[in-house]
């Protein structure tokens, strides 16, 4: 009841979603069940479960930060977090409030700049990662290093050597790079499909927990 | 630029610097920006989901459109809330079962189509003639096959398997080196944008104060 | 040797500082740098160069404002090139949010070079369904575009006199962020066999070199770097060159660090080996 | 190729048909340009693999298309609900094309009437004319009719179904032979061997383990693989009494991760050690989440960081920050674009398929290892298919390529 029925549900819904892919009209020839509408409806289930689960996340966040209000060294930061949350919720309460006033101002002056700045940290991190990882310690590291090196050299003017380098860049992108991406994608297809089948068959069930 | 706008841009510039300060070391300014954005982002996300997902998909359908079949996913979503109770939390497994079963069923056909069949088609699309296109195609096939051999789990990488899988991991490493090298440009561009934003703010400050 | 050993475990903050300066310095003191010109971009340049003033060039600007940063520099460089050398250009866009942007660029650069609308260049406008539009243009430009963007019938535009379909233009350059390149290759070049070149965003470029090899396209302008190369060839530095000056400095810094890291690695490794030998 | 072409062709309708409405204007000399001959042999068939809302009109080229007068520019397709009803234009196609796909699957409702909607089992009548370069219209062709049929099975997708079922059969065969006790060899994977060391290291240092499930939802298979590995890791840390911190960004992932860790502690015989507050929600948005995890790394100094699941641009930000914090890092993702960064910045990386194999490796249960064998056999078939397909296409037989070309 606590574990067997959920596993049955996984199996049945999994098989339904798998089969529906092959039926353009009525699902499994059953009258009155449009395959497409079934797909949309069940997909909405996933969405609705996702939306209605959000309180779990908010509760987890709020509880942790309300608890931290007791600790002197965390108090200020947790208060900032709780305030940020409350202001955004209240200022965005009505649909039309979301595109003006406080809600929009905070979105544009807090959320957007912080997000793009965190994203831009990558410029520093590609450099430090390259410095550490691109050392000719082994054959593999050397290959990684040389390829990245050649690709990055395309920006450096080197006269006639640039022509050779550009030619190399083109060939690397077109042949080994393409081959690697395709092989990895095919492997992922097999791994993901095998895992999905195992989930549907109930062989893979750790996510379900136990009593 | 108005004083208010200047103030908001100042906030954005300040938060940008707070995040960058992380590169030196963890510090109260970074921690401030980090917590602020966690609160703001959660608040923003909550209201976004509420207005753009909850209202049209759940509320309007049940309250206005008379689509009572949406009671089922709504019930499943609410069942997630049993996780607040120790005794009843097993009920949420029913919702999770639907969530994972539906997703897994979709994954099988989707990943076979996109990551296996499409890749296969692209790999065997070009006749292996003795011109540049044919030779590239041949080399790509060699690369894909050897990289797939690398992913064999149940055979030891010894003998000829060892040699081929070695070539395979070399091909994969070239692909990774190329991927790394090609991405640097985009990451630098992100940092350039932030620097240009800060430069623009400094300029508008000097302009505002009659510089 | 102590210096090299310290290099091995250099504080990463020095690297961050170097990258930061590599971006901040060009932002404060703008400068341009030479870029190595690749064959794919030179092909496009030479193609425009060798167009005579009778055969117009066909430029498809199939991108939305979201990829403006990378593709506008290309469009500007090509238009400046064509306009400064008295080449005629016919322009369309197959991107939904393209028209306003295309109009802005063409009018601005047309004015800059004193070109006359309708005589030296024309903007036909936007039509949905790129594949169909391309095929219909293959029969006659007047089928999908009976009038230009401004509502003038094509037949009243001097530039369109005697220009019926792709047979009467020198060739097509498609500037795109995505799949219209495929459509131009398959439905355009594939069916009507006109010379085709593409200008494409940096991330997408890698996927299109294969068409260069199979001769379905004769040139590629990849991202801002390609635009910078083009600007360099026509001697008119613009946004492409500006972007590339940041990229060049930053790439050089990263490359320098990789070289230093390897020098230090090999030097300290050799030293350790000799110590090992002595024990 | 041709099918894709047709699919696109059928989209024509609005834009171009407007252009054709103009009447031909006789030229100044008074000599009207000659009209082309109409296309012949019009027939209508059902559009395959659909829910019954489309038809394909086919015809033979007009004698003046690329021959005869050689003046055909386009064909225009007209449709009516009855043979003597009003024929309205449905769209145009360029010369040289002999097919037009007509469909409309937007069901009308009270707010949006749609007279063009093609219901299942409805019969429609078509006629076609050719239009010359000078906009002179030919006579209409003869009228042909067809009825929309709801297709039950999408024949184009059958190869995918066959592949999925073959794969499932392989899985079942190898799992049952493993259950019978057949020994299976699996080669060592560096990333897997590192897991135990990494947990040991954390225990020795008395520092926590940080486990990141990425930005996927609980429905992403890579995230589910991440749960399975989390369960194995948590079980061992429970034995050693090492703390596992799991910050997540999706509420459903939160629920499943909590359940997974709780069960792992239960199975390790230490349910009392489980602290639900170590598996917590941070925020749903990508970079704010990254900022928070970065903070955790620098303040808690975890001995080991695991990254298992779906990762985007944050992969390198997290991995480099983990490096600053001096943690050992093990990563695995199905995102091909992020693998280079994990390979460069973490100590061990499970590349693509290895992520999915990891749960089998860590469990060492024969049933799980059997599935790896099934994956290998399928891989061998794929490889054989590539070799044969390449030979076939070189020899001019595209049938193997066509077999994997899915026309959706």
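Letters A, B, C and D mark the chains as written, and numbering starts fresh at 1 in each.
As a convention for this text, a residue touches a chain if its C-beta (ideal position, glycine included) is under 8 Å from a C-beta of that chain, and two chains touch if they have at least 3 such contacts.
Worth saying up front: this structure is predicted, and the values here are computed from it rather than measured.
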| item | value |
| --- | --- |
| Shared interface partners, meaning chains that touch subunit A and subunit C | B, D |
| Per Cα centroids, the chain farthest from subunit B | C |
| Chains most often in contact, by C-beta pairs | A-B |
| Distance from the mean Cα position of subunit B to that of subunit A, given in whole angstrom | 4 |
| Inter-centroid spacing, subunit D versus subunit A (mean Cα positions, whole Å) | 15 |
| Centre distance in Å when subunit B and subunit C are each reduced to the mean of their C-alpha atoms | 27 |
| Contacts with two or more other chains, residues of subunit D listed in rising order | 157, 160, 164, 217-219, 221, 224, 251-252, 255-256, 259, 282-285, 287-288, 291, 336, 339, 341, 343-344, 351-354, 357, 375, 379, 382 |
| Multi-chain contact sites of subunit C, meaning residues that touch two or more partners | 12, 16, 19, 23, 206, 210, 213, 225, 247, 250-251, 254 |
| Residues of subunit B whose C-beta touches two or more other chains | 19, 22-23, 31, 33, 35, 37-38, 40-42, 44, 80, 83, 93, 96, 99-100, 102-104, 107-109, 111-112, 116, 120, 123, 136, 141, 144, 148, 151, 172-173, 175-180, 182-185, 188, 191 |
| Sites on subunit B touched by subunit C in the complex | 23-24, 132-133, 136, 178, 182, 184-186, 188-189, 191-192, 195-196, 199 |
| Of all residues in subunit A, those that touch subunit D in their complex | 18, 21-26, 29, 34-36, 46, 49-50, 53-58, 60-61, 64, 111, 114-115, 118-119, 121-122, 125-126, 128-130, 132-134, 144, 181, 184-188, 190-199, 201, 203-204, 206-210 |
| Interface residues, subunit B side, partner subunit A - complex | 8-9, 11-13, 15-16, 19-20, 22-23, 31-33, 35-44, 46-49, 51, 53-55, 57-58, 69-70, 72-74, 76-78, 80-81, 83-84, 90, 93-109, 111-112, 114-116, 119-120, 122-123, 136, 139-144, 147-148, 150-151, 168-185, 187-188, 190-191, 193-194, 197 |
| Contacting residues of subunit A [partner subunit C, same complex] | 123-124, 126-128, 130-132, 134-137, 145, 148-149, 152-159, 162-163, 165-167, 170, 173-174, 177-178 |
| Touching residues (chain side subunit B, partner subunit D) in the complex | 19, 22, 25-26, 30-31, 33-35, 37-38, 40-42, 44-45, 80, 83, 89, 92-93, 96, 99-100, 102-104, 107-109, 111-113, 116-118, 120-121, 123-129, 137-138, 141, 144-145, 148-149, 151-157, 172-173, 175-177, 179-180, 183 |
